[in-house]
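Order of writing sets the labels: A, B, C and D. Residues in every chain begin at 1.
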């Protein structure tokens, strides 16, 4: 297919996630052309662009947003820029893929939502785990009625190591930075909305995280509109690796997804039977999901069909995270209706 | 060994659990002689006794308690008789094995505790899951420091089917009837005491359970004295069988126990890869644990060493269950100190 | 049930297997009474009898065989006594359970078979693995047509450690001592007869085993009458424990059984994910199968129904073992018809 | 990096494997430029080239071989063209990646080997499974001494469905077409050379395969130079999917690799516990290995280091396959020295 028929896209943000999206767009998705890369750190943008043979490189995202040839922008810059870039891109008539979270403020999120709706552009939020083969299969089983009515949802989500304290201080807190994926997953798997939240959280991994005003270990209980209940457990440090498991239990059965490992090799010796630890962190564990979500976004844009993760889907986990924080502060269950 | 040197015991209650304990005492535990069986339903006692060649059969437990030759009594009668029988047996200087729960009333439990302490007899409560190979191994790993400091405890406990509604009405409620095992397991695995409880519970399996004033599905969040947090999920009906899983996560690793199955056979065909469901219910799943706990009891009595599950161990889960009930009723976290 | 209505049995041989059978008969099987124990080592017989409260203890098996009250004898003495005891017991009208192998000589086996047939007594050979839950399930799947026509059979059977060299010298060789279980299992699972054998065998574990004239590592290829092919691999030393796995592959699927472990606990730490090794050796691994086979034997005797493992079933694996030995010696495939 | 510094390669053959290699070279391997594609079926070459934006498309491989700008050729055409193309490419000074097998005739293979050695070009043969994460890990454990001395090697390799009969007729037979991968894997995992082969083979899947002069089910026993023994089982039809398992057992332990599945989801219901079947066939199962082997080839060429799978590695499995065929025909073990 000649380049002119391909969708032209620009990536804003050349950090870890930006690199992944750029590589996928440049090499693994048909009918799309990665035309430009921008990052306030021009050197980072240049390095990424060179490796992918991308000609247009900028230190200013507006260059991409203002380019009439660009049909869609991929926003992978720091969280505090997301909402404004979405508003600008929408105003410029660009379709938008934006990394999570949209913002930490419902007010700003609502401005972005309004801009997207007014412009009538496609918008997809980067909750990539929905595109993971394990979780997608669990959802399919739930949607197909294979487990009957959903009764109990369980999510375990533990990182191999906490982020730097400097990051912790500006992250918005564990619920907005880390559990937000699990709040989205809870909606995705249960097929229902969270109505109430009770958060038990504490500092067990690193006292400095507590000094920074955050927690590193939590159990969040959820009540859903459809009557189901759920529990999420998080830790910022699992020494054995990245632990990402879900389970949906219902009237007709249970669907559960375990971790992925680098290989299936089992080694038995006089001491025991040893298997590989889970894949270390999100870059390895979710590599295919980043590709799948981007393919689906490009597909939705090219065919003008609804994106699988809308900007409203991007808003709801933020509301739940806020309710969780209030619940933790006041040590009581909090209704979503108290927040929003 | 001649019968005279063997410990003479009497079993009170010839129901399901009584049968198991009687069979084990009669055939699988050395240095003990099952001398007598009593049940208010004499026919049940007679049938059990005949099958095991036991001569002394009664419809009155006092016959066993009053028999000077009997050294220990095994109380497996209905819950509402436990405390009084313990008091009588202690007064008669009998060592006591009593099924859980001791009673639903802390007042009655305290009377039984006082009687046992005053008499100085050995007393063990039937929290058999502590003697299960899976859970014992998890505890060993925790005690050995293999997982470091305990951070997160997870327990899943689901029955294959709910009890009859008539039983539900007199059971004391799901927390006292079913979750009480998990409250004990939480103490056993964490090595700490529960200080706070938040219960989310609902009726999803059978509306009649709700009409009977109980729930059938719950998630209970626990906070421990050592700073750890935990979550228990229960359901009265798992269509795939008896689901009994635990997991302890800490600073140095994680220990998890899965279900037991009737065999390890895996069948692959054009539809999928099929394994056996878990063992159906507690009689199959915990058969070895009933034997192990009784062996340990007889051993403690014969050697005058502390029993592994004391009457105080029998009291604490009742307190936690009461806190859970209060938490459910008032939809707030409840401190143990509010109850006891 | 009064003792007179129970089947009276006597155990000949108070070694490891004799102890197991005696304990099961004395305590875990209804409607049978273990009346007598004999062992040329009287002290061993006395110790076993005392622990089980058995009155009649002898150093001469003929005392049991000659006792008119005894209905069945359980032969667990050394292999070289099996055939003669079977002949004597049959002549005395006793039903017979005999441990494997019946004998290493087809001639002697045939004499025993003739005696059993002439006397019309029940006879069961101790191929206990047929009664194991895993292998029984695999056979059920095969019999039910769930895997279609049998194509490929695989058996792995490895001991945790070799027997003493003194034993190796009189064992008849690995094929008759160890692989004989697998030859029986091959018949049991395939539902067919072996027609040809090719044995590849070597000494890799201990040179002294080679000096004793035996091998310790082997792969035996089988061809079945129904067209299926199979492979058995043996080793006298698996450092991780007792490895007992089977797999039957066919036109409609595959049924495979894995090892049993002492518990299902999985421990994850910074080094890896560690599970328990398999149960150490046959006493732990096959405990339930020894009980099941004895229950079935007593049942067959009491109800006069065919035993599940006949003396002919005891003969066929010996023939296959002989073919394997010839194949190894001559390094060529050997037809069963060349042996028998 | 500018295109001039990149290695220029040409792919010969635009079939299934050619497509995979071409896509990987075009999009996922740095420092290489896929400059040309040739296929006697020009339409196939054109379609592949267009999708990857490759300018030079031919129906004649000599156009690639004769192009001075091309540094390496990737030979993915039909087997009967491999040897001649290797010879031509070597003569033209091109480095060579050639799909397996090199040829079915040792004579032709030797001509190709001579040409490669004389030209001093790099040459890698496409035994991609060596690059699979599971098998590579098993080999690492063996090489590290983690299992001690190799005693028993087991390989299971079953396809989900047989090839068309027309293909069977020209495939060279199952041992050369299918088992050849396992013969290579046996060398790769054992770290030793096969010295003797015994093949048991039969027709159980499809009689037409037998009428075409081939077999579809086999068990091959191997003896290695280092004293180890091994067994390979093959079937042309496993209804549950592509079964690719290996196991190496030794004096210090065992390393085993199981199948890969599309996800880790486990579904439990009233019927059983159901997991996904293995990935369906080699395109899905070995996708990463095709990328890994090509990356390693390009790397070896660019840095002038030895290729990980040499043309001699390509010759040895052909010899073993010939020995297997002779063994099957004559129903006896065959020494490798009888063939070569």
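Following the convention adopted for this analysis, contacts are C-beta pairs under 8 Å (C-beta built on N, C-alpha and C of every residue); 3 or more make two chains touch, one makes a residue touch a chain.
Small disclaimer: the values here were computed from a predicted structure and weren't measured.
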| item | value |
| --- | --- |
| Chain pair repeating A-B, as identified from C-D, A-D or B-D when over half of the contact pairs by residue number coincide | C-D |
| Distance-maximising chain from subunit A - centres being C-alpha averages | C |
| Whole-Å gap separating subunit A and subunit C, where each centre is the average of the chain's CA atoms | 58 |
| Distance between chain centroids, defined by C-alpha means - subunit B, subunit C (Å) | 39 |
| Subunit C and subunit D, separation of their C-alpha mean positions in angstrom | 43 |
| Residues within subunit B bordering two or more other chains | 239-240, 252-254, 268-270, 276 |
| Touch list for subunit D against partner subunit B, complex | 239-241, 268-277 |
| Touch list for subunit A against partner subunit B, complex | 149, 151-152, 154, 156, 158, 198, 200-202, 204-205, 217-219, 221, 223, 227-231, 233, 235, 237-240, 243, 249, 251-254, 331-333 |
| Residue ranges of subunit A touching subunit D (in the complex, touch as defined) | 1, 27-28, 30, 50-51, 133-134, 136-138, 141, 146-147, 252-260, 262-270, 276 |
